[in-house]
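By letter and in written order, the chains are A, B, C and D; residue numbering begins at 1 in each of them.
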Amino acid sequence: MEDINLHFTGDFNAVEKANNLLSALIDNNIQSKVNNLNIDPRTILWKRVIDMNDRALRDITIGLGGTANGVPREDGFNITPASEVMAILCMATSFDNLKERLGSIFIGFTFDKKPVFARDLKAENAMAILLKDAIKPNLVQTLEENPAIIHGGPFANIAQGTNTVLATKMGLSLSNYVVTEAGFGADLGAEKFLNIKSAFAGLNPKCVVLVATIRALRHHGGAQKEEYNTPSLERVEEGFKNLEKHIGNIRKFNIEPVVAINSFISDSEEEVNLVIEKCQNLGVYAVLSEGWAKGGEGTKELAKAVVDVVENKATQFKPLYDWKSPVKEKIETIAREIYGADGVIYDKKAELNLRRIDRLGFSDFAICMAKTQKSFSDDEKLIGRPTGFKVTVREIEIAAGAQFIIPILGKMMRMPGLPARPASEGMTIDNNGVISGLS
Amino acid sequence: MEDINLHFTGDFNAVEKANNLLSALIDNNIQSKVNNLNIDPRTILWKRVIDMNDRALRDITIGLGGTANGVPREDGFNITPASEVMAILCMATSFDNLKERLGSIFIGFTFDKKPVFARDLKAENAMAILLKDAIKPNLVQTLEENPAIIHGGPFANIAQGTNTVLATKMGLSLSNYVVTEAGFGADLGAEKFLNIKSAFAGLNPKCVVLVATIRALRHHGGAQKEEYNTPSLERVEEGFKNLEKHIGNIRKFNIEPVVAINSFISDSEEEVNLVIEKCQNLGVYAVLSEGWAKGGEGTKELAKAVVDVVENKATQFKPLYDWKSPVKEKIETIAREIYGADGVIYDKKAELNLRRIDRLGFSDFAICMAKTQKSFSDDEKLIGRPTGFKVTVREIEIAAGAQFIIPILGKMMRMPGLPARPASEGMTIDNNGVISGLS
Amino acid sequence: MEDINLHFTGDFNAVEKANNLLSALIDNNIQSKVNNLNIDPRTILWKRVIDMNDRALRDITIGLGGTANGVPREDGFNITPASEVMAILCMATSFDNLKERLGSIFIGFTFDKKPVFARDLKAENAMAILLKDAIKPNLVQTLEENPAIIHGGPFANIAQGTNTVLATKMGLSLSNYVVTEAGFGADLGAEKFLNIKSAFAGLNPKCVVLVATIRALRHHGGAQKEEYNTPSLERVEEGFKNLEKHIGNIRKFNIEPVVAINSFISDSEEEVNLVIEKCQNLGVYAVLSEGWAKGGEGTKELAKAVVDVVENKATQFKPLYDWKSPVKEKIETIAREIYGADGVIYDKKAELNLRRIDRLGFSDFAICMAKTQKSFSDDEKLIGRPTGFKVTVREIEIAAGAQFIIPILGKMMRMPGLPARPASEGMTIDNNGVISGLS
Amino acid sequence: MEDINLHFTGDFNAVEKANNLLSALIDNNIQSKVNNLNIDPRTILWKRVIDMNDRALRDITIGLGGTANGVPREDGFNITPASEVMAILCMATSFDNLKERLGSIFIGFTFDKKPVFARDLKAENAMAILLKDAIKPNLVQTLEENPAIIHGGPFANIAQGTNTVLATKMGLSLSNYVVTEAGFGADLGAEKFLNIKSAFAGLNPKCVVLVATIRALRHHGGAQKEEYNTPSLERVEEGFKNLEKHIGNIRKFNIEPVVAINSFISDSEEEVNLVIEKCQNLGVYAVLSEGWAKGGEGTKELAKAVVDVVENKATQFKPLYDWKSPVKEKIETIAREIYGADGVIYDKKAELNLRRIDRLGFSDFAICMAKTQKSFSDDEKLIGRPTGFKVTVREIEIAAGAQFIIPILGKMMRMPGLPARPASEGMTIDNNGVISGLS
């Protein structure tokens, strides 16, 4: 676990380096008179990334200190999982396609208002070289020695939230069943897995496992933090509305869900049974999943339910929107259908961003929402199944190589900060390399 | 070669992450009210690093954009090999010592003018966790399947220029002869290997191989760039003064040098013989080294010469200065004895830095010069063996964990820039992963 | 004319100095340990001002360069007429009241989130000293030697657009009729003169003179720039809708307007007659005003019309909104009633600003809109009498001493920029001080 | 007194506006595509000014916030008396010459490294228009109704320290005797009055009055702040060395000084007599001056001494250096002859500045030192008559329109800061405009 959370195979680092190489090439081109592309430094949308929660780097001024130090301009760092290079790695269908996409990254404009792409800086090959190993899926094994492929790490709240197309296709070529994680709430991970990755890669998912916990249902039912571990049929009943909305959402894609109740020792039997019963009423399997405690044995029932759905109830997946629809229509579809919002408000800046997307001919891209994972809405305080709300698009980023339009909702940031008491304070490592305090 | 130049085993990345974790913890502490150390953001000397030639990051303003984004302050990035974490990795004698040194990193001051160290932020364990694999030497093998240890990468112009103490000690425990590279001109790499690493780790080097090329001697003899490959006895004769100074320098450490003439196809026999002869006059072996073309076979003669020196001529190494001497005396010793300077000029800022070092009780640290590798002086245009010059100390950095005082000479920068035409432009990689254009 | 446009009596300069003294005191307090108020530099809303069109000062970072140079923070300059000190000068009812208002200026928050006012810095007396002459109305005379009072200079697009309360009251104490200018379109100048100044100072205006030009009516009727001087009944007919809206607006205040047609040599008789006739149909006097060409003689007819309205048709002025109404209701009233908008959109930032206003107890202040003078809407391209539009509030400034809430609409900036070809290029002054090229 | 210290006739404001108009024109030219001069924003040496002690404006970044807000660059404000426009106003010999000098202001370089002047922006006429009244000397009268001309206000520590050439010439045309103030220590004010103003304008001063106080002599004799008002023959005797150096300095210009002892009530007769006696030993008149207490009557003796010197002892003034000498020679002459320094140290930046001055052909300009007024040296703690010190030139500014080279010595800043407890805190003004607390 630690080794995966630490540097692992270096893929994150490779993504970070490829991203930042492009940044250095941009600033170098502005500085240099050789092959100068006449880039207007104030229009550069391409940001540096760092794999660190570092809020102080969100909004910075670079190139200060005189003529030897580049040209002053405003910039900012995103966290590495939010890098378009990560998105490209996840969407690439081949090494050639990787280079093609890297070259298509949109950077900004010249002083003559012409768009500039990474390929104008001849950056795609050097970036691809840095990614030559990262593009290869990583095969690991579980504690029970089952094979697992770990490849790509885009968080679902700020990015597309699921692993690479290559890894999934490799899995499909090797096995009858491939299970893929798409985290951070099905309104984020599943929505993007289906509308972006599956739609693009021609995947035909047969079943969606919705992972629920009694704890989380209590929370969505109104329990305070200190009550999370206290059984309460009432809270679970109220919180079930959240799960019910997710169930309905999956069915909008013409897929049958299975609910996995991720077992905790604080769960009461009554609560678990309540969830199972309410799911049955909706015609959905709900199964207690005890993988954490019992390994494969503990998820047998879940597996059977999934097999049953795939074998006997599978329907033909269809995405919720057509990539070719107008941008606002696509955003509105997600907001209304998946989030249950009454509509979408666009801040001035977002409206200007939309006009630019249109002018650049990027309207056919997929929508990759950046939204809090704590609520269906863009306000993390609205728990359960909120209604009567609108979501606000603050600004819209472009990832032309990944072919994403990224609306930033509410207060979402693509660079997180550390907590007031950072986890690092509690970590120790002894002379034998034994680590404690990683949570 | 490519794999080593690319991400290799991830050590550089681990160093970078550990360095930048400390930065994030500093800015987080300033932002947060929990355990706030009252750090004055304007006094922070600890910089972020990135493994990229990126001049636009030398001088930046961070923490802009409002209260959620930290506190505004001036900052800058160094290149990763210049990180104090790299220096600490290279100087650490054990894992425990690594943590101890990480904790001793000096960060800046509180508003009450008290010094702040990494340990005040409880950062050393989390940093050490990130370095838990990087601290282990990497064993690779040459094309002829000889073992080689690659561990640590501090450039000798901006850092201490040689690999880790642990790697060298591991080598010494495994073999009779250990050969260590210390690059970037013997006035930098060798001086630091001897005065810093050997003095600190109690090493007793028996021989120094000075690697010379006919090309470089022509350059130091006044050849223009387009003449570098044109034989010229006159140039080589004139350029030999540079080599002669290096030979003399090594002897000041009470060590006998051997000169390896790194063979190029553009060398003329007369030039090579001239160098051999002039070395002989100084009582020094000079041997043609043809390792690039012929592998181990091509360096047999060189090896014999080294063995002869070690077996028959070895003397007792002594460092050029005592770490306990006053700071200015140590700097002056290197400048006069190794560079051949007439003296040292301190800019106002450097004088202020010196006063701070004294106040903080850091005067006993080793001197780790940052100086151009292109000249004995701090002006890269003064080739050959310049005399009648002074060097200017612009400012002085502190690396309290590594126990280094780092005077920055002339125009030296600890963050380089890309060339006007970056190498990346000429690189390609095909679909089979074959790379060309790496120079 | 030149002397008034140049430094005049120094009032603008005094306002600027008083404003910037407060800024210097704020930054000095942050820097200094004596009487330190614990101000959070990131929360400071008080901006510096300069009487210059200088867009590069809109958004700046100050306090850079180390501990001697203050504390780094983001700041910006507004143009002097937008200074709250100018607003306070215009609203002050006495010297005592001036000091009181200066002391009530809201600056920002402490780190403990407590509001900070100018009086906390003991700034109000020193600021008042700088304004001791500026507070006195300036008496000048026209070319025909009539007395005129010039006092205060807040532009109506970015500020309250009319002269000081003291000057108007002085005029009223000296004469039966006082004519006051309130420029930049009656949707701005008149609206603010009535809702802010008259409502606050208990003035009872008897008549409003709407100044129209045939040129402007052609423009609002769709004429292109090169057609502005070309007579066109059709354009004037169409453009009259703009004037008709202004006429209706004035009547909403329970005041009768008189239209003054400011005569230009390019006007055709037919056009002038058309306007007169269309006004008559609305029951409004429209009179050709030839003051520019003929002086007092040329405005006799206009004066007679005004006297007739005042003597025979005057009604009891009432403001359009009650200062005590909720903020959004006040803004909406102006937008719907005066601009003819369908509603008001608030950007995220404006919503946050509103919450702050509420929390600080500033909701009872007057609304002082910042909006383009080129359209009833916030989009300068919507000429004539636009309908079916909404206005967007981008952000909301607070002027607690002036008791203003200042919504910034559309792209309005409180610091203008110079034109691409600045007027200064065409100015000359000879050795006798004769100036040409002032336009 | 207050009215002069406050806005007076607006000259300072006019200087400030003219200075900042040029700044706005520069940034506007960088922003605009019309008549774009291709100015490299990183090379601009022209700074904005503000008449405020405002350290937070010393080092700023402007032009942030996107393409509408200009181009990001580093800038800074000086205090208005340090403006080159003030220097030009003081040096101008006619209105024509004023314009000529304004046009000659050096701004920075184009990207092609060509120098840019104010005239390239066609700025000189608009700037001159702003100065059209400021160029006229201001006639005021003393409490005894004697005429006095107040014109120009460049501080002698950071600027040339004396009033305008026009004012002095006007005085000379109206009266037999003209007395001019040149403040801040005779090593600053007098040195510049003589070497810059008199040398340039062909003045032939006949006598220099050195104003001394017993208090200051006690200070230079080692008295602590709390002892300043305590008589001490010993301190005065020791402090006299400072005055003796000033006396010797004046004689180096071939002028006889008269010492005016500015009477304070804390002076003891013995101290006054000691100074008179020691001056007599040097052949110099020393006279008690009681102007503050007794007006003209109190300075009669002083006037007689001056007349005696002028009538009977006057010699032919000669400047200490020739403007045509090399820059370093001129600086060294002042440092050695006037300050008593052993030499001059140039920081790296100053050396680079010197090279630029040479390249631009500005070497023939006068030297206008920026140095603390608290010591003959550049270290304000070295009181009395220090010896055995060197002065450090940190950087060198250029004022090409004024024809000044401005070396910045030690820690001198051309923008001061407010004290920890700003004077404004103690000021009050009542409703009758009576001010107290101005010190």
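The working rule: a residue touches a chain if its C-beta (ideal position, glycine included) is under 8 Å from a C-beta of that chain, and two chains touch if they have at least 3 such contacts.
Every value quoted in this text rests on a predicted model; they were computed, and no experiment measured them.
Undergrad: With centres defined as the mean of C-alpha atoms, identify the chain lying farthest from subunit A.
TA: Looking at centroid distances, D is the chain farthest away.
Undergrad: Could you tell me which pair, A-D or A-C, is linked by more C-beta pairs in contact?
TA: More C-beta contacts join the chains of A-D.
Undergrad: Just curious, how far off is subunit D from subunit C if you go by their C-alpha centres, in Å?
TA: Subunit C and subunit D have C-alpha centres separated by 41 Å.
Undergrad: Subunit A to subunit C: how many Å between their CA centres?
TA: 48
Undergrad: State, to the nearest whole Å, the distance from the C-alpha centre of subunit A to the C-alpha centre of subunit D.
TA: 63
Undergrad: Would you pick out the residues of subunit B that each touch at least 2 other chains?
TA: Only 61, 63-65, 71, 73-74 qualify.
Undergrad: Please output the residues of subunit A touching subunit B within their complex, sorted ascending.
TA: Those residues of subunit A that touch subunit B are 6-7, 10, 13-14, 17, 20-21, 23-25, 27-28, 31-35, 50-65, 68-71, 73-74, 94-96, 99, 121-123, 125-126, 128-130, 132-133, 413, 417-418, 420-425, 427-429, 431, 433, 435, 437-438.
Undergrad: Which residues of subunit B touch subunit D in the complex?
TA: Its residues touching subunit D are 61, 347-348, 392, 394.
Undergrad: Report the residues of subunit D in contact with subunit A in the complex, numbered from low to high.
TA: On the subunit D side, the touching residues are 40-43, 61, 63-67, 71-74.
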